[in-house]
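Consider the two complexes below, in which subunit A is the common component and subunit B and subunit C are the respective partners.
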Partner chain A sequence: MENNSSDQQQQQQDQNSSSQGAGEQGQDQRVTMTQEQLDEFQTQIKLNEDYQNQLKQEIEEQMPFISELTELSVLKHEYQDNKFELCFDQLATRYSKVRRLRRDGNCFYRAFLFQVFEHFIHNPEDPQYEQILKVLVGSKKDLMDLGYDEIAIEDFYDLFLDEFKKLKTIAKAKAAEHLLKLLCNKEEAVYIIMFARFLAACYLKQNAIMFEGFVGDVAQFCMREVEQVDVECDQPQIIAITNYLGLGVEINSVRADGGIEVINLPEEGYSGFRAKLLFVPGHYDALYQ
Partner chain B sequence: MQARCLGRLKKEAEDIRNNFDGVLELDIKDESQMCWHVRFRGAEGSVYNGEVFTLQFKFSEDYPIESPEVIFVGIPPEHEHVYSNGYICLSTLYSDWTPALKVSAVTMSILSMLSSAVVKQKPANDAQAVVWMKNKSPKKVNWMFEDDKC
Partner chain C sequence: MALNNAKDTDILLQPVNDNLFHWQGLIKGPPETSFEKGWFKLDFQIDQNYPINPPKAKFITRIFHPNIHFETGEICLDILKPQHWSPAWTLESLCRAIVNLLVNPNADSPLNCDCGNQIRAGDMLAYRTMAYMYTVEFACEESKEEAEMILMQRKLQE
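For the complex of A and B:
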């Protein structure tokens, strides 16, 4: 799974556009700038920022957070003449539909939660539900044992737990409608995804020894790559959240040779529910048969 | 979002009053509670021993998802990461912000940043930077963090 995602590129662009900062003031040519030149320079930067924000908004408006069920052939069509085009033929032998996710850095978390929640609405008697509920109830203490402040995490914890408990009361026929509402907004959904990030961070920190060879300083990694809104998810975070909750994912990763590589996490010894995801470098969508 | 933000701020105000009594002094400046002043004293044994500083926290209704805007008001400490306009070069206030942080934690990390200074000195580029940052929120400045503290 590569790190060169389009979501990250978008963020990179945003950063690049957000002006020169205090750190560059020591350069000599700047010292000679007049106030007028500085003002002009700042105006240019402001215009640039506005343009970037406008682009970002346009992207947002075009793409819902989670789409309705869409034929997989639509995606194939979009990748026409692309090295990944043939991957969709292979994928079509096992899947026929896809829910597309907005490219906002939260695509993995949103797709994963959607499918997991959907599974438990459809299968309320699955014994995994109670197991996960137990893990979730204990997660506040787990986080606090790692040094998280109760008041900083409990709003996220309470909301996530409430919504997880509520899944059992949702009519199966209303599953998609309920989840599209719950996970597609800039309020509750932000809190729910944020808590999923805390759960990933929790596992990463509890098992720091296992991860530090891959991610470096685990606390720093959690701060920069896990716990920030809109920072996208890589394999360590996926391993962490699936292990913490005791869930699985099946990632169908497109290959440059037109094939599909299936990555199961956990790899073996697991027979419970797996979220079915499509991975095209930098982005996850949710797959359906 | 605003109801959640206000609920969180209420808890944080209690946190400061109950758990940081005698260390941090909270002054809620604004009716709607979205602007706070937090006063603290330079640590004993540090170069700021006894000096009193005030941090201003401005919260948007997206707090704590969005970081608060944090600056020194009044006379800022003379420190290589604090500009004369009160702006602070500290990554946790900007790119490294996470909602797992809170006002008391931010203030204590700034106090710790001050305590580790061995000499009082302004940032090398203070005069130019202050002109540059005029009318710009500290959150819009493209900070270049030099080490773990800045």
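For the complex of A and C:
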């Protein structure tokens, strides 16, 4: 009797599972896959990943890491007949040029570092320089206190610090040339941006209580959304890196109604340098007057 | 080499033939698992872009685990994929992640079909028995002796 009823239950379950969505069925099939099928499945996944990497590379090659100074009207032209087109008229009242960034997941970091470094080449006497230098020197200890292995961070730290110190020696007229070389390659630029990611992660972890409500588990968030190469940057990371370094940003965010929303981080009580950025959903570019 | 944390006696890392692009790791089977008695040898290939790119890691010692290929030793671990890897990881922390994978098998993304099916069917006894059997067969002799030798040499150096 008992057997019978459990058989019925089983039947019921079978019927249920056969009436469920394709995703569920896919999983059920996997239970009965042979090792050969599974290996084939894995090969397909790899081919798919290769294809995506190839696509990514093609996108990359269409655009330099950082463009030369470009008229803002060029951007407006590209957004012709788009809901954001009118935003550029409003933006043009305050800015006239833009440096466009490659859409490789590093656009915020690259644009931010470019403008900050550029500012200090042009203003070597700005007292903020020494303050940031002090923070940078201390950042290795800060990171190690949070549990980072010295060996994992020191190459990034050394290079970033060296390049920051070097800014004072660069001739003003050579600023753009120097920075386009420094931040636009697949070698040292990757290290410099990586260290900027570590600095953001550092602040996020030091102030985990402040961020938990927004990003969930902060350590997990840093692993997934901050410390990976080429992963895009969101507001928590921006708040983190600007606060850690004691710098500011002014983000000009396009609005669907054709306006521009200006977001200052930190919001108030800050009078130092602000990197000026344009934000179109999913992407940052650097703005110039 | 500063890469070895001398305090760590469960994870032993060293370059193969002094080649810094090719490393060998020995990890001790984590306690309270079927792998407890064994030592497992791992192979790490590092390219010029490490640590921006992840190392290529595989098991040399045969192991019965849903996320490790029984024949090739390939490991299904998200952080080994370029899109999930972070330069914040080191070979040592990677080994720790692999040890953690031994403690927490994930039957939803199997590389070893039979093993994955046992766990998915809830037959943990079968999984543990098989895993134990292969640990005794493959991970308790050569790799274990090698690990003990390294640990002994270290003690002598101190």
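The criterion applied here is as follows: the second predicted complex is superposed on the first by the 235 of 289 C-alpha atoms of A that agree within 3 Å, B and C clash if a C-alpha of one lies under 4 Å from a C-alpha of the other, contacts with A are read in each partner's own complex, and residues count from 1 in each chain.
Everything below uses one rule, namely that contacts are C-beta pairs under 8 Å (C-beta built on N, C-alpha and C of every residue); 3 or more make two chains touch, one makes a residue touch a chain.
Computed from a predicted model, the values in this text were never measured in an experiment.
S.K.: Touching A:Phe198 in the superposition: subunit B (first), subunit C (second), both, neither?
M.R.: both
S.K.: Applying the document's definition of touch, where does A:Thr34 land relative to subunit B and subunit C: first, second, both, or neither?
M.R.: Only subunit C; A:Thr34 stays clear of subunit B.
S.K.: Tell me which partner A:Phe114 touches in the superposition: subunit B (first), subunit C (second), both or neither.
M.R.: In the superposed model, A:Phe114 contacts neither subunit B nor subunit C.
S.K.: Is A:Phe160 in contact with subunit B, with subunit C, with both, or with neither (first, second, both, neither)?
M.R.: In the superposition, A:Phe160 contacts neither subunit B nor subunit C.
S.K.: With both complexes overlaid on chain A, does A:Glu227 touch subunit B (first), subunit C (second), both or neither?
M.R.: Touch partners of A:Glu227: subunit B and subunit C.
S.K.: Across the two complexes, what residues of subunit A are contacted by subunit B and by subunit C?
M.R.: Common to the two interfaces on subunit A: residues 31, 35, 38, 42, 148-149, 151-153, 156, 190-191, 194, 198, 223-224, 227-229.
S.K.: Under the definition above, what is the set of subunit A residues touching subunit B in their complex?
M.R.: For this pair, the touching residues of subunit A are 15, 18-26, 30-31, 35, 38, 42, 148-149, 151-153, 155-156, 186-187, 190-191, 194, 198, 223-224, 227-229.
S.K.: Residue numbers of subunit A touching subunit C in their complex, please.
M.R.: Listed in rising order, the residues are 31-35, 37-38, 42, 49, 53, 148-149, 151-153, 156, 190-191, 194, 198, 201, 223-224, 227-230.
S.K.: Inside the complex, what are the residues of subunit B that reach subunit A?
M.R.: These residues of subunit B touch subunit A: 1, 4, 7-8, 11-12, 15, 64-65, 83, 87, 89, 95-102, 105, 123-125, 128-129, 131-133, 136, 140-144, 146.
S.K.: For the complex, which residues does subunit C have touching subunit A?
M.R.: Where subunit C meets subunit A, its residues are 2-3, 51-52, 70, 81-90, 92-93, 110-114, 117, 120-121.
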